[in-house]
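Chains here go by letter, A, B, C and D, matching the order in which they are written, and residues are numbered from 1 within each.
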Amino acid sequence: MGLRSSREIPLGGVGFKLSTEVKTGDWRAMRPVIDQNKCTKCLLCWLYCPEPAIIWDGVKVEVDYNYCKGCGICAHECPVKAISMIPEVGGE
Amino acid sequence: MWTASNIVAVAAAYGGKYAQSFPAFGPERSGAPVLSFTRISDEPIEAHSMIYEPDILVILDYTLLSPKIIEGLKPGGVIVTNYPGDVNFVFESLGIKRGDYRVLLVPASKLALEILKIKATNTAMIGGLLRLGYVVKFEDVKKAVMERFSGQVAERNIILIERAMNETIEV
Amino acid sequence: MSTQPTSKTRAQYKLWIFEPGKREPLPLIFNLRQLAEQRTSIMLPGHRMCAGCTAPLVVKLASFAFRGPTIVVSPTGCLEVSTSIYPWTSWAVPWIHSAFENAAATASGIYAAINALKKTGRLKYDHVDVVVFAGDGGTYDIGFQALSGMAERGDDVLYILYDNEAYMNTGIQRSGGTPKFAWTTTTPVGSVMPGKIQHKKPIAEIMVAHKIPYVATGTPAHWLDFIKKVRKGLEVNGPAFIHALASCDRGWRVEEALSVEVLRRAVDTCYFPLWEWSPETGYLLTDRSLAIARNPSLKQPIEKYLEIQGRFRHLLRPENRELVKQLQEYVDAVWEDLLRRASNAPR
Amino acid sequence: MSIAEVVPRYPKEKQKMMMLNGDEAVAYAVKQSYVDVVAAYPITPQTIIVEKFSEFVANGEVHTEFIHVESEHSAMSACIGAAAAGARAFTSTCSQGLALMAEMLYIASGLRLPVVMAVTNRALSAPINIHSDHSDAYLMRDSGWIMLFVENVQEAYDTTIQAFKIAEHSEVQLPVSVHLDGFFLSHTMENLYILPDEAVYEFLGGPRKLVKVKVEYFDEELDYALNPARPLSMGMLAFYDYYFEIKIQQVEAMKRAEKVIREVNEEWYKLTGRKYGDGLVDAYAISDAEIAIVVMGSSAGTVRSVAKKLREKGVKVGVLRIRSIRPFPHKTVAELLKDVKLVAVLDRAASPGSFGALYLDIISSLYNQKERPIVVDYIYGLGGRDLSPQLVYKLVEDLEEGLKRGFAPEEEVVRYLGVRE
């Protein structure tokens, strides 16, 4: 994506894009993986995710790996230990 | 001090003139000797400097009378001063002779105490200026005083100015 | 686009859009499923806060308490720089940053503008809230004058301090909010200095002394308590101040996954008691701190808080036992004092 | 004034003659300018502005919200917040107060917020001094504000109203400061003509109007303001990939401001019958002058009144008053001064280690001319030292003498006027 000229950007340096375009998932060293069998859908992981990168679609809880930075708060806070942190490298 | 200067300027404006009034650009403390200036003209006034060679010098406090105070006064200029009742005191203090300048004496302190019950000689001195006839008109001064003060204070000041005008003597 | 996603889709990252007009305040939701289905954070993902930072949690949880149209102000700081790297913004609400020491003054200006525009019929909302999210540097130190001025004037602004207890944005330098004995890059642990030698400024107490309508403490770990307090802060007529402790993995030397846990321990040890204050009620303990007051056996020793933080690691060495004792005594004294003042503490 | 005089829509008879000092005149102008928010902190000699305006607020004569901030830094911060929220905002300060708000000056212009500020020019400490010079103004010279210097009380009133129009112009969107010399204007009472309220309202086109911006995440253009219906983020962090472009936008806006200042000056003339040169400079008897004196602010009148008297005696002296120091009208200045033999620039502030700031702009205006005059710099009036007519007469005498004997290249070009050396 090319950078814009001074004529092509809005006034006063206002942000003209949303950070949802920025995929911070590539920061991740550890990947949270949810064991859907253990998950009780209490949504504490959703609550405590700072990105936010936990999605509740009404049926199940999922991680949005586009943004998840792999901090592991979800895994620690999960009361039933349904989330495990797997190293990214070789973890797939 | 600045009050007198402002009232004269406002009165001049009511009389259709251009006028300018400003304090000396020095620290002001209540009661300390201060200077203020008034320019009156038929033309718009451009200068924004202090006045160094006045046509008229108005002295509110006769204890300030000294030869130094009239430095810069134009030859043939006018001195309008408050005085303690003693005519010679004025000439001696200023170090001038009769005839050097036009000198108008206003019993401002006496009248202010009598009418306002305070020693504020500001407005009384305007009476002295009115006596000159050509600076501002009494009607315009009255209007300016009414604008500056209200009620009894305005009324008393107008009485004071009128008395001062009538009791000013030229020596 | 609207504030309340109706479909149960992945489109959970939304702008908050309020068209002009009158409306009821958004209801508070305490059921997590309903919350997850009906609310989104005002902070969008893709922000560049560190992994495990809890400042975004402060913002996210606070936004679950928002009533409707809201303008957000941030002073310079971690939260500000990481959410506004040009051209990408992470803010789903109108947001402004202008400088470091002036968030409260900027908010006052916005509040005044809202009043003037409403008065003259040019702003067609019945209410617009103004909320500040500021760090400890911008609150305790450089921004304190503006904050105090805003409080004195009584401007209707909710000021939320996310306190990570040092200048983290510039690389962990000590601030007026850094606790005693904490290591920072400007209070290194040396042979004669055991980290910072002063206690942190009692900022929330100072705001109480301003006699504003509402002051409270909170942490994102105690989310229900925090959301309720944010709503109260918005509802009062006049300035409100909420002091939220917000852990910083980098600065506190805490494992990322323990970011929320450490806040829980701060409260469990009474290092950071949860309370609220208003001129009508005085001090009231809340949530876990109220439970501890009722059942003192729940109170944990200060080591429980210190032991998971690298910034206090030196205190756990045997020769520094005396320092830990000092810290415990200080925490106890502050806690006892709070118990005396809190009208709902058991006598 | 030109022969084909325009009949103003509001001739003098339809205006109200008042006797006000400069501060009161500014307060009156702000009152009539439909200002939404005033945030200010008191400092001599600005105080009369905020006191007078507080009276308007106390008496319900304005809808304005007055924020009694705890510092000048907060004053400008609050103006920035208010302007960002879509309000018309005003503040006033000078000297130490301006220095304290310096950080926020750059942010107001960088965020392209049309805040208006009256600066009652006052010297900077130390030593502390309450009187006028331009050292505070020069402190904000490069802050991206449009800076207009006025000569008298009437112009202080006129320019304050014009400032809102210039600042909010869709092609400008920059803050404007109106500079009136402390005491020499702030505390000097003069005759002036005040427009009826509705004339000012009409001139400004009513309340502030917002400009539009385009962001990728909305299809339509949005109001440039903090608006819950169309969220925008203001005050972003821009690195070396975009900071330059954003700053250049600002520089370009400042260039466009030159034209807008001229237009507003003309429009004001049609409305009131008053105008100030071309809006940027105000020249007196320059066309055939051998000696030109360049000056800003209240001293301009003093210099011009002396020049007029000297003209009567046949001395070919002219006066060029700079009204807009930012944007600086380099081309106009070059055009006016290129045929003069000797230019004396009066700088009411020093730049220790260099020339006066005004001098530098005059020199840069002239440098690329084939023929150019000798230009000398005079530092005068620091800390409120009066520029008396006598001093101006003496100055012109010296200049004439210098012209006769010729200036040696090695001669000192920075001189002092009215100091005991």
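A few notes on this one:
Here is the rule we use: a residue touches a chain if its C-beta (ideal position, glycine included) is under 8 Å from a C-beta of that chain, and two chains touch if they have at least 3 such contacts.
Keep in mind that this is a model prediction, so the values were computed, not measured.
Centroid analysis (C-alpha atoms only) places A farthest from chain B. Overall, the chain located most centrally, as judged by its C-alpha mean against the mean of all protein C-alpha atoms, is D.
Each chain gets one centre point, the mean of its Cα atoms, and the points for chain B and chain D are 35 Å apart.
One inter-chain figure worth recording: chain A and chain D are separated by 52 Å, centre to centre, where each centre is the mean of the chain's CA atoms. Chain B and chain C have CA centres that are 65 Å apart. In whole angstrom, the spacing between the mean C-alpha positions of chain A and chain C is 22.
Along chain A, residues 9, 13, 15-18 each make contact with two or more other chains. For chain C, residues touching at least two other chains, in rising order: 15, 84-87, 89, 91. Pairs of chains meeting the touch criterion are A-C, A-D, B-D, C-D.
Interface residues of chain D facing chain B in the complex, by the touch rule stated above, are 17, 19, 21, 130-132, 151-152, 181, 183-185, 187-191, 298-299, 301-302, 304-305, 384, 386-390. If you check the complex, the residues on chain C that touch chain A are 8-10, 12-13, 15, 32-33, 35-37, 41, 43-57, 60-61, 83-91, 220, 223, 249, 255-261.
Interface of chain A with chain D (complex): residues 3-6, 9-18. Those residues of chain D whose C-beta lies close enough to touch chain A in the complex are 110-113, 173, 211, 213-217, 224, 232-236, 238, 241-242, 244-246, 248-249, 252. Interface of chain B with chain D (complex): residues 6, 9-10, 13, 18-23, 25, 27, 45-50, 52.
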